[in-house]
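Okay, so chain A shows up in both of these, paired with chain B first and chain C after.
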Partner chain A sequence: MNRSSGWVHEAFAVFAKDWLLELRTRVALGAVVLFAVTSVMASGFALAPPSGVPAEVKAALLWVVVFFAAVAGLSRVFVVEEETRTADSLRLAVSPTGVFVGKLLFNTVLMWGLCLVTVPLYLLLLEVPVRSASLFVTVVVLGSTALACATTAVGAIVAKATTRGALFGVLSFPVALPPLLVAIHGTRAAWLSGGAWRVATGDLQVLVGFILVIVPASLLVFEHIWSE
Partner chain B sequence: MNWQIELRRISKVFDERVVLRDISATVTAPGAWTILGPNGSGKSTLLRIIAGLLTPTEGEVLYLYNGERLTAHQRRQSVGMVAPDIALYRPLTALENLRFFARARGLPVQDSDLLRWLERVQLRSRAHDPVASFSTGMVQRLKLLTALVHRPSVLLLDEPGSNLDEAGMEFIRETVREQAQHGIVIIATNDTRELGYGEPLVRLGA
Partner chain C sequence: MNTTGKILTGIWIAGVTVAAFLWLPPAQGFRSPEAARIVVFHVPCAVLTFVAFLVNAVYSWLYLRSRHPLTDAKANAAAELGMLFAVLATVTGSLFAMEQWGSAWNWDPRETSIVMLMLVYAAYFVLRGAVEEKSKRARLSAAYALLAFPAMVFLIWILPRIVESLHPTNTLFSRSGLDPSYRITLWSFFAGLLAVFVWMFRLRLRVELAEARLRQQYHRDAVAEVTLAGETR
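The block that comes next holds the complex of A and B.
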């Protein structure tokens, strides 16, 4: 049989397999959607006008919801392979790069799906005025991608640890905090500022830079972690 | 074709427990070899080191093809392995598992090809059932297929006959016979039914 080589087809095979597994088991989807929708509904009823909560606080709260929903679901992609003893099957068939990129794609798409459900609901319930919709969408896409990269990287590192729950929290904090803060600032600019794009240019650059740095750095570390 | 695997002074220590000490051996294709020893003697550990799933504490494993050392990627493409602690995806069906491992290895396979493969191990009628509903013997037969789907040059089998009935054992015998004609088979076992599958390569103590 002919065979194509390279990590791209490996990554897509892992991505497709993970989605198929997710649709059968709904482990990550259940955790993510339940947490996100509950948090948004609770925030919506508590903070909806005329509560007088400023938009700055609402921007922070939105990203806190998205971050914790991501932590609840996205960290599981590597852990589940170890727990079900399928990690060695993957190691035998797929390169570390193929595994990492496949899992990262899965988490990123899951994160985008999460934002697609959560963000409109949040805007609707909290009646947030969005001055620059294009900037807001850009910040959400880049911010959620950066958070997916951060949680995938940390999830890969802690998958084999026995105290992975505590370790995930400790490691996630410094890794996820920079994109989280920048996404909050960019969101605030999209909601409130007149010249929103000009105000948020630095935020977008930081988010893109974060993604461009963390993905190759994670790949380098992952090759060693995954091998044994 | 000239495949060769060299084990050079392999030792493995877990914490302070020495599991393998100074193992050296060479196998050249075609042929079948066995790693023998009682439970806990390190057979599975040695096989995992040969597969590249574990790094030895000391020594190295070399995969050579016509005298050229293989890269990690080439080694992955050349090895198939079945072991009790290597699992399949239980929520997925037999066909989906086989399809994933074939596509992950870059094989442009059609479902009709995979169904023919399943026919070989009498799993054609269960192709669309989740692996979670399979008996241990059926899972073992499916594991063999996933290890063989890319036609590996090196086949590593750890206790391959466990949980298999006579038909399953016959499939193993046939597979080992076929593989030994063109490639390398290494079997870790202490099952008397499997001792004759190949020449002893290493005998490990308790």
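The block that comes next holds the complex of A and C.
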């Protein structure tokens, strides 16, 4: 196997290994999905019609729920390696790029799973009228991907810290804020505007641009975080 | 900074401050033309906040390449000064906003971005507090600073598209934007403040070095005590 395709192979191996372990225990999945469902239920009780809460507020609330659910589970993928003391053997077996891309894929799929459960439930309970379903799905897919990209390297930092506590949420928020704001903006457009695609083109470009910037930046610093 | 430099900086800043109140004409077109003088103190603080953020990112990058403890101390000092100037910029800005628009906080893009910068600094300090081992703390905080930097650039770029601004755009460098007397006073104050920044930066590094020396001394004493106890037994 030559070196350039080596890390792709490694990344998929790490991805497959992490999902295998995750499906055995379902810790991250359980934390993320239960957190999301609980907070959607709570919002549903409080804000369902006829409460008269405008759709703008509901768009912001949806992404707040998704972000905090992500905070509950996305650092797990690195923390588990430190807790089970498998980080060293992983360091020996796989290149840093392979590890990072594998973990990033894991977190991205986890975010998609989270949105797959949360978003339909949210739309159902809070009775949001969606004007452009195709745009809404695009914003959710890109937004959740961008959140995973923003927080994966932060998760690696948190896993190395002595006192983890609430560190992941505190460190993630500033990095995840740009995609979060843009996703809220795009969601609002998809729910309310007539020519929604035209209104939200800029938002989609920013989300793609953010992913294209933050992933290489994470890759550059990840080597320094990961290797002792 | 030597004594002459300190005295010159002091005289310079005092002179510019006096000029800002006595020589500078009141700014017409504001609700309170006299209060608008605050802009010559407010803008330099805000610019320095972003300078400090940039310095922090550069030293973080250099640290990851060299792994020299002093480079980490420089990155940390820049972040601490950045936090200080962010607070100063926010307070002076809020005072003026209260006078001009009747409310201290308006979620204007620049207000929001400076608060986000403060959040990044706060997260940076929390992270430094959460790691005990020195080299690991330096490595992780440098990595975090370099992750937060592109995110902040994105934020500062996208915010004006999402929320409306009260701040004027493109006034600092364009000819038509600002009255010449204001431009001169503002940039003179910036020069003075930059000198203070450099001075405080160096002081912070001296504190860091003194702490390191004390720690070394303490360890040497402890080792000497243990050996002495072993010999007398």
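Note that in this section the second predicted complex is superposed on the first by the 221 of 228 C-alpha atoms of A that agree within 3 Å, B and C clash if a C-alpha of one lies under 4 Å from a C-alpha of the other, contacts with A are read in each partner's own complex, and residues count from 1 in each chain.
In this text, a contact is a pair of C-beta atoms (placed from the backbone, for glycine too) under 8 Å apart; a residue touches a chain by one contact, two chains touch by 3 or more.
Small disclaimer: the values here were computed from a predicted structure and weren't measured.
Student: Once chain A of both complexes is superposed, is A:V57 in touch with chain B (first), chain C (second), both, or neither?
Tutor: A:V57 contacts neither chain B nor chain C.
Student: By the touch definition at the top of the document, which applies to A:A48: first (chain B), second (chain C), both, or neither?
Tutor: The answer is neither, since A:A48 touches no partner chain.
Student: Which partner does A:A133 reach: the first (chain B), the second (chain C), both, or neither?
Tutor: neither
Student: Considering only touches as defined above, state whether A:V154 meets chain B (first), chain C (second), both or neither.
Tutor: In the superposition, A:V154 contacts chain C only.
Student: Which of the two partners, first being chain B and second being chain C, lies in contact with A:A217: first, second, both, or neither?
Tutor: Touch status of A:A217: second partner only.
Student: Considering only the touch criterion stated at the top, classify A:L171 as touching first (chain B), second (chain C), both, or neither.
Tutor: In the superposition, A:L171 touches chain C alone.
Student: Report the residues of chain A in contact with chain B in the complex, numbered from low to high.
Tutor: Residues 1-6, 9-10, 13-14, 16-17, 20-21, 24-25, 84-86, 88-95, 98, 227-228 of chain A touch chain B in their complex.
Student: Give the list of chain A residues in touch with chain C in this complex.
Tutor: Residues of chain A touching chain C: 150, 153-154, 157, 160-165, 167, 170-171, 173-178, 181-182, 185, 202, 206, 209-210, 213-214, 217-218, 220-222, 224-225.
Student: Considering only the defined contacts, which chain B positions touch chain A in the complex?
Tutor: Interface residues on chain B, with respect to chain A: 51-55, 72-73, 76-77, 79-81, 83, 85-92, 96, 100-101, 103-109, 130, 146, 150-151.
Student: What residues of chain C sit close enough to touch chain A in their complex?
Tutor: Checking each residue of chain C against chain A gives 64, 116, 119-120, 122-123, 126-127, 130-133, 136, 139-140, 142-144, 146-152, 154-155, 158-159, 161-162.
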